[in-house]
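Some structures to go through are shown next.
After this come two complexes, each holding chain A, first together with chain B and then together with chain C.
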Partner chain A sequence: MKGMSIIVKKTAQLISGMIFIYGIYVIVHGHLTPGGGFAGGVILAGSLILVTLAYGEEFFKLVREEMGTTIVESLATISVILIAVGGFLFGSKIFFNNFLPRGTVGELVSAGVLPLYNIFVGTEVASSIFIIFLSLIIFKEESPK
Partner chain B sequence: MELAICIITGFMILGAIYAIHAKDLLSAVITCGIVGYSLVICFLLLKAPDLAIVQIVVDTITLIIMVAVVLDSSREERFSRLDLSGRITAFTSLVVIGILLYFFVIAAENLDALGNSTLRMAAPYINGAAEKTGSANLVTGVVFDFRGYDTMGEAVVLVTAVIGVLAVLRIKGKKEGFGLLKEDSAKA
Partner chain C sequence: MNSLLPLFVVVPLASTFLIMIIGRFVKDFNKYFTAAVLLFLAVFSYYSLASLHGGLALCKVGGWEPVNKVPIGIYIALDGFNAIVICIINSVGFLAAIYSISYVKRYTGENYFYALFCLMIGGMNGVVLSADLFNIFVFLEISVISSYALVAFGVGKNELEASFKYQVLGSLASFLILFGIGFIYWKAKTLNIADIREAFKSGYDRPYYLFVELLILSGFGLKAAVIPFHAWLPDAHSSAPSPISAMLSGVFIKAVGIYVIIRLFFNMFVITEGMAILITTLGTMSMVVGVFLAIGQWDIKRLLAYHSISQMGYVIMSVGIGMILVARGVRHEIAVLAISGGIFHLINHAAFKGLLFLNAGAIEYTTGTRNLKEMGGLARSMPATSATSFVASMSISGIPPFNGFFSKLIIIIAAVMARFYLLAALAVVVSIITLASFLKFQRYAFYNKPHDTDDRKFREVPFPMVLSMAALSVICLLLSLLAIPAVRDAVLTPAVDILTSTVQYSTSILGQ
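Take a look at the complex of A and B:
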């Protein structure tokens, strides 16, 4: 896949970093403000898709990127389930138990394990949508003309 | 507020009808975008900003992918006239829709006013949820604490969808397997 013109490239360079940081903000503040793992993950995937559309093969080795993203997605899903099982280690017999201390409501580090769930689910959603996009592009590249 | 929602919903219905009847596929895809973005405004009016954020981002990405697909394939829809089986199918679906609409009207007369029944069911969740879960955002508290199983199910559904897409679309693996089969048959 070829990249686009230099205007699109420079604009993508300027904007994509800000979109990425906004996605991280939405994920990390998921237990305080509207948003959370799903919304922030889709924003992260959007910034990656923007860079891929603007630069094409020049920036990413697409097939290698797909391999790495698949591994990240599987690891994030496994971590969600491991944290859910982790409640068993702390004496209770409840799946999805909130075993960390709650803290005061409204601070950034509070709410026990909920921010960890947000971070892992956000990683998983971002990598899933990016994989679907990448596999569509690679399918178009590899299919015979 | 209900009047505004009614107007926006009518606008969505108009957009959907135009999207079915448009001859140019690109304009049909963009009219589908009207439906999605009007839904975002409805969510904001009903005070659900979490859903509005997810809807606006997902709708934009879907629109990009659909526009790319339309630009890459043909832009005009190919019409075909209805034959006998097509007419029977259309008639049957009309009858089924009429029956469903009848029961829908009966069910809608017995409902409470907009939002009352859900508030009654959700009262145990809302009362003291911030102290129980420790999160200031009520939605995150419900999604990841009270309804943790549902969220895990959604994550697993996404993983399954990705596995399906990779299994269908990765043509390289298919080619190598095909070559092996050919060599085997040549040896035999």
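Take a look at the complex of A and C:
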């Protein structure tokens, strides 16, 4: 896939980092403000897609990237399940139990396991939306002109 | 026991993503791991069924206790009825996974196959265990979307067309179901099935809920392929890889279709006679029309798929008769007989239809064709497939020592005792036509003159496939034992009790 003009490249360079940090902000404040894992994950995927579209990528690199992203996605999902099982192991024998200390309401590090769920859900959503995008590009590159 | 219930969902979901990671790097990890996971789930499901003792096991996910007796968390409940369905899902799933070890070698992307297979099992377990209406929808989507991908797994022209048709109709069904759930939530202000039932006590808005009942019935009817909604089933079930056809036909349409219809109409909605008559009519129609569509087919898997519609018609008709009697409030013992006959037939159908699809897969594996006209004389070269398919054919047609006979007998006796003589006669006629079409299957596939004179060309299928077919045919014989009153009391009676009693389900969930 070919990249775009220098203007687009420079603009993407300028704003993609900000979008990425904003996505992380939305994810980690998920238990305090509106937003959370899903919304933040979509924003993260948006910045990744922006960079890929602006700069272009070689076909084989795209395929490798898709494989790596699949592994990240699966690891994130397994982490969510592991936290759920953790509630069973370190607590009152209940799945999805909130087994960490709750902290003070309103602080960033509070609400027990909820921020962890948000972080892993965010990773999962970002990588799965990026995978959908990559698969569409790979399909377009593979199909005969 | 109670707190371990989410394992039925957690274990297959976790194994899906483990297969996606480890299966990429370790060869053959995926197939043996899937089989091991399903063996564990099957053993665990039988253990759960045995440890229930007719009671109800409840798990509040996340430990959210009810506030002022209003349930706020997600509930997962196991009772006599869904314990049976859980056993069916995981045992047929286990045998299909064993069968896949040799069968799926011919496809590329085996890893995705096993991952999607585990995901589908997890979704179905979730649908069956959930005591929460919206959660049923979520798990339904998990299992249905993975089944779309599995139907298209061959990526040929027919597979993609079948999968597309299935997706369009499946999305329509999901839309109707979500719409119905939304209407219920609007009026009842809760999503817990037992709590909705409690909310109905204060007043049941008849015209409003009639609309909701029709939405839910047509949505889940599409998933269960009851006759006016059956168009997707023959294509989807015949195009999927054979172990998946066995899962879809033997388990899937029951777990996400029939089970939910029975559960919601008995334990959530207030049963009305008109709705019960409608359900019975739909069941009778599927039973009769399905078999007439089946008998003309020459593609084995299409023939079996149409028979699935017809046999599911038996289940729905029989449960519908029970529903009519419960709605009238008369002759409770006959209603119990009819419903237990329906559930018995549901169990039996999982065994013999799963087996028949595995047989069809074995024939396709060896001969490379699904057309009955192009095969023949396979009895000599494939003795195990021939013997097991004979058992399955006799079971589905209702020949005495096999399980299908007893369940059909109970259904027909219940229909006669409830004075639905026409339905009883139709059930007998349909059974005879089923026998005719399976004799055709036996004759053309196994006993006719060989189509190809060089009959040493064909060999018996590999051992894992034979093993799972043999296991299912033994199960077909053993399930006849459910007709013995003592065994029936232990297994079927708790299931029927929880359905026919108007308050048992809701009080035992809200009371805990």
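Everything that follows uses one rule, which is that the second predicted complex is superposed on the first by the 141 of 145 C-alpha atoms of A that agree within 3 Å, B and C clash if a C-alpha of one lies under 4 Å from a C-alpha of the other, contacts with A are read in each partner's own complex, and residues count from 1 in each chain.
The definition used in the following text is that a residue touches a chain if its C-beta (ideal position, glycine included) is under 8 Å from a C-beta of that chain, and two chains touch if they have at least 3 such contacts.
Worth saying up front: this structure is predicted, and the values here are computed from it rather than measured.
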item	value
Clash or fit, chain B versus chain C on superposed chain A	fit
First, second, both or neither for A:Met18, with chain B first and chain C second	neither
Chain B versus chain C, judged by how many residues of chain A each one touches	B
Partner chain in contact with A:Ser92 - chain B first, chain C second, else both or neither	second
Touching partner for A:Val26 - first (chain B), second (chain C), both, neither	first
First, second, both or neither for A:Ala84, with chain B first and chain C second	both
First, second, both or neither for A:Leu75, with chain B first and chain C second	second
For chain A as apex, the angle formed with chain B and chain C - C-alpha centres, to the nearest 10 degrees	50
Chain B versus chain C as contact partner of A:Met4, first or second or both or neither	neither
Which superposed partner A:Leu108 touches (first chain B, second chain C, both, neither)	neither
Three-chain overlay, closest Cα atoms of chain B and chain C, distance in Å	5
Common interface residues of chain A - those touching chain B in one complex and chain C in the other	70, 74, 77, 81, 84, 95-96, 98
For the chain C and chain A complex, residues of the former touching the latter	3, 6, 10, 13-14, 17-18, 20-21, 24, 59-63
Residue ranges of chain A touching chain B (in the complex, touch as defined)	26, 30-36, 38-39, 42-43, 45-46, 49, 53, 70, 73-74, 77, 80-81, 84, 95-96, 98, 102-103, 105-106, 110-112, 114, 117-118, 121, 124-125, 128-129, 131-133, 135-136, 138-140, 142-143
Residues on chain B engaged by chain A in the complex (per definition of touch)	49-50, 53-54, 57-58, 60-61, 64-65, 72, 130-131, 133-137, 139-141, 143-145, 148-149, 151-152, 154-156, 158-159, 161-162, 165-166, 169-172
Chain C-facing residues of chain A, complex	67, 70-71, 74-75, 77-78, 81, 84-85, 87-88, 92-98
